[in-house]
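Below: a set of structures, written as structure tokens.
In the two assemblies presented below, chain A is common to both, partnered first by chain B and then by chain C.
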Partner chain A sequence: MSTAKSSPALQGASPLASALLTPIAGTLHEVGSLVLFLKLILRTALTTSGNTPAVLEQILSICQRSLATVTFAGTFVGAIIVLQFNAVLLVYDAQIFLGGLNTSAIVREIGPLMITFILAGKIGAFTAAELGTMRVTEQIDAVECLGTNPVQYLVLPRFLGIVISSLILLALGIMISMVGSTFVATVLCGMNPLQYMSTITRFVGGWTLFCGAAKSFVYGVIVGGVACHKGYTARGGARGVGTAVTQAALYMSLFVILANYFTSNALNWIYDFLAAALGWVNG
Partner chain B sequence: MASGNTATREHWDTLKDVVVLYREMGKRFFRQPWRWHEILQSVVTMGIGSLPIITIATAFAGLVVTAEIAWHMDKTLHTVSMIPGVTGQFILRELGIAIPALLLVAKVGASATAEVGTMKVTEQIDALKLLKIDPIDYLVFPRFIASIISISCLIFFSIAVTLACAVLVSVTKFNFSPFEFILSLRPYIYMKDLGGALAKGVVFGSIIPLVSCAYGFRCKGGAEGVGTATTNSVVTSTILIILMDFVLTWVFTSLI
Partner chain C sequence: MSIRFENLSKSFGPKTVLKNVSFEVATGEILFILGKSGMGKSVTLKHIVGVMKPDEGRVFVDGRDVTQLDDNGLADVRRKCGMVFQHPALLDSLSVYQNVSFGLRTPQYIRSLPRPLTEEQIRAKVTETLRLVNLGTDIFDRYPPEISYGMQKRVSLARTLAPGPTYLLFDEPTTGLDPITTNAVNDLIYELSRKLKVTSVVVSHDMQCALKIADRVLVLDNAGILALQTVPEIKRSREPLIRDFLQETLALLPPEERAELEANA
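On to the complex of A and B.
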């Protein structure tokens, strides 16, 4: 953000214009830096080999650390949405749709968002702090001096680990959330479990699952990209590491919510296009 | 990272600290000299400092949720006339409260833990005790009051912003007029929903500073310890907020 204040484009602007444009310029600067860093990671992934063991190790570590939180959050978020939808559907005497609507909302919207927030809070902040400490204590320069590509050795396994783990944790979170929702619907909303599950297949088909997976993939790229970028470019000692972690947390949340809007619109547009072009109607 | 048993015991001990802090807050609530200067300073930092991100995030969340609910309504009931009612209810009861709460955990909770943790690691809290200033009175209570005030206000603000974006989507995509939207929204919203939003705001606003300060006071080990404490406090706050959201939702939908 401080670079945006001193950027040449905003020199000599009136205080009002400067106050309005500086946050926008700062955010655009961040988006641009993120895209360039993702380009670097992509180039490293495509031109180097022998990365698989390190990536698998990172996936194992990330899933192991996030398992308890995802289980807990999945159950309770599913329960909350069941209670809310139940209150609305009872008014219209449409309680039979509770299962389908709840699962559809979890798979399409709330599942990816919740998994991403958990991943960002636990793993993203930790990765930014880890890489930031390595950068500030010059360990990344040491790795480069020894002839190893630091992006391949340090950044790529963590980035790919976060992206693939977000898909795995999404699948796990959805399954656990369905169990929790069925339980709450049976105990607190007076439905039969089979009644609850009868409308699920009507609302959730291959397309809905693809939407959830695509959104989770995009959010995983954002969380991994921002965390690794902020850590990799940290400077200024221990305080710089703190700044990097705080900014990483802020931008991860902000970019994920912006991406939520754009991916939802893009996926709806693709669905309408496919339905119109191929007559394809699916959940 | 500590092995399973030690880490769990530390989390459990910190949760017991949070309960102790709640009792201490209760005691200080009735003791008159409140530190208004610190309270108002925290209100500015937490409340007004979070306004930009809350506005943008809830605006985009409102746009997405309205589009999604409209898609589902179209698929099941083949009508769009109930979009204002259903969307308004969902925003007022759940969405306008959960999203700002989770964003504020990341912003307010992380910075509070980092600040208190750094003070603990650089022995400033011991210095405060030497000067006979109670660290809970000086650090925790102002943040507690400021957090309750600003998070409640920010939740109402974000409900308003989300509803405004729902109106925007309905007007541009589904041929509602703004007045028509508000008219068809009115029969579906009750004072109970606003009371629930206020209750959730107060509860979430009380959880975030106490969990952050509890993790900050227990921080040890230099800069790396501060980072670990910040991460743990964000995760624990998120879990506690989801849990209390479930309890309050159950209370307000079934029991009241």
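On to the complex of A and C.
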């Protein structure tokens, strides 16, 4: 956000206005830079030959590195949500809906967010640091000088790897959290596993799965975009790489939360529209 | 065919690093660019390969204006210019063999050949290039962090030489090296420039090295050119900055050269 401090538009503003506007201007500046960088990635993807082995290598590496964390988080997040929903549903004598509500919440909201924050903390920070180090040690300049497009060779595989992995890890995380939640519902909440699962299909349909996948895709684009952008534009030695990683962590979280609000609203609006047009009853 | 700068200006924020800089590098010569830190030496070099864009002015390589080229045109110019960076800038995830052969697998290089090189031909070329920088094939499978900094610099040089550039651009090639390796790298630059008959531009702080191997020396100061002279002219220069640079090297020079410089001073 420091870039906005020197913004000519804010010079001459009162200290209070400046204190309020500087973070907003800084965030908008970051959004603008990210959009331009994503445009560069898209243009590179459309105009250059793909590097499928490098993308597959990234996906494999990301999934391998995140598997243990996703398993651990997925199991416990599923279990925690079951306990919370169960306490409320028991009050209304509606424990039968526990499986459906729990799975819907995980697929629609908690799963994509959980996977994204794991990806941001583990892979996003790593990618920003890796590309940042490559930038400050002139590896990116060297690749460019050897006649290779660094966005095509270094950024695109990492970006696509993060986006595709976020979808794979989401599917994995949902399945693991369902195992964890079914176990807790059976052992601690006294439900029969079949009874627990009986309402899942009433709450989770194709639209719910689409919502989860769409959110995960958008968050993956944000994590991949911010991590690659911050690393690729890092400047000034070890301190510059440190700054890039810190800023990447900050903006990945901030933008994902903002995107969550907007994608939730947009998906609800699209659902209402389609429901009215096609006569859908539930998702 | 040569490299030519015309009225090049470049600023970073409020700081003007280069202002109306014009000079030409003749074919086959070794030009040293000297100056204090932050005087735009590396910036000058990066303009040749289009890694940086000037605020004003033009840079010509083989008669083509680098500042106006599209991505394909730039890639073509970069294929002719081999750049050795201040850091070894080797890709950590690739082995020495993969690093040196990197430039031989780029589309621009492949397009310049009648047919792509086979893996055996690439291997032979990498072996030959590593031999030029006094390294053997025993380090083929090692990764950059597993070899010494001096070796990394040599591998970096080999990677630059492998595609057979017409121009060699060195950005402080001896920074961070011990005196023995520094001398070895300087000798290497001279030998390679002469043996391969390429035009070389070397950015450095090292006046001793400039006196030893340069054909001409360009001194940058206060965003402009302070001097562009041959080595004998530089030795006779009365410019205080140049005298300071010469003074630094006195102790390292052979007695007869030291006496000559002291007489000029």
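Methods note: the second predicted complex is superposed on the first by the 281 of 283 C-alpha atoms of A that agree within 3 Å, B and C clash if a C-alpha of one lies under 4 Å from a C-alpha of the other, contacts with A are read in each partner's own complex, and residues count from 1 in each chain.
Everything that follows uses one rule, which is that contacts are C-beta pairs under 8 Å (C-beta built on N, C-alpha and C of every residue); 3 or more make two chains touch, one makes a residue touch a chain.
Just so you know, these numbers come straight off a predicted model, no measurement behind them.
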Review point. Among the partners chain B and chain C, which is in contact with a greater number of residues of chain A?
Key: B
Practice item. Report for A:I96: first if it touches chain B alone, second if chain C alone, otherwise both or neither. Key: neither
Exercise for review: For A:L28, select first, second, both or neither according to whether it touches chain B, chain C, the two together, or no partner.
Suggested key: neither
Point to revise | Partner chain(s) touched by A:A142 [first = chain B, second = chain C, both, neither] | key: second
Check your understanding: Taking the superposition as given, does A:V179 touch the first partner, chain B, the second, chain C, both, or neither?
Key -> neither
Practice item. Considering only touches as defined above, state whether A:A19 meets chain B (first), chain C (second), both or neither. Key: neither
Point to revise | Partner chain(s) touched by A:L36 [first = chain B, second = chain C, both, neither] | key: neither
Point to revise | Residue ranges of chain A in contact with chain C within the complex | key: 134, 137-139, 141-149
Check your understanding: In their shared complex, at which residues does chain A touch chain B?
Key -> 23, 65, 69, 72-73, 76-77, 79-81, 83-84, 86-88, 97, 101, 104-105, 108-109, 117-118, 120-122, 125-126, 129, 133, 188, 203, 238, 241-242, 245-246, 249-250, 253-254, 257-258, 260-261, 264-265, 268
Review point. Which of the residues in chain C come into contact with chain A in the complex?
Key: 46, 49, 51, 71, 75, 78-79, 81-83, 85-87, 89-92, 102-103, 106-109, 156, 159, 163
Exercise for review: Could you pull out which chain B residues touch chain A in their complex?
Suggested key: 1, 52-53, 56-57, 60-61, 63-65, 67-68, 71-72, 75-76, 86, 89-90, 93-94, 98-99, 102-103, 105-107, 110-111, 114, 118, 222-224, 226-227, 230-231, 234-235, 238-239, 242-243, 245-246, 249-250, 253-254
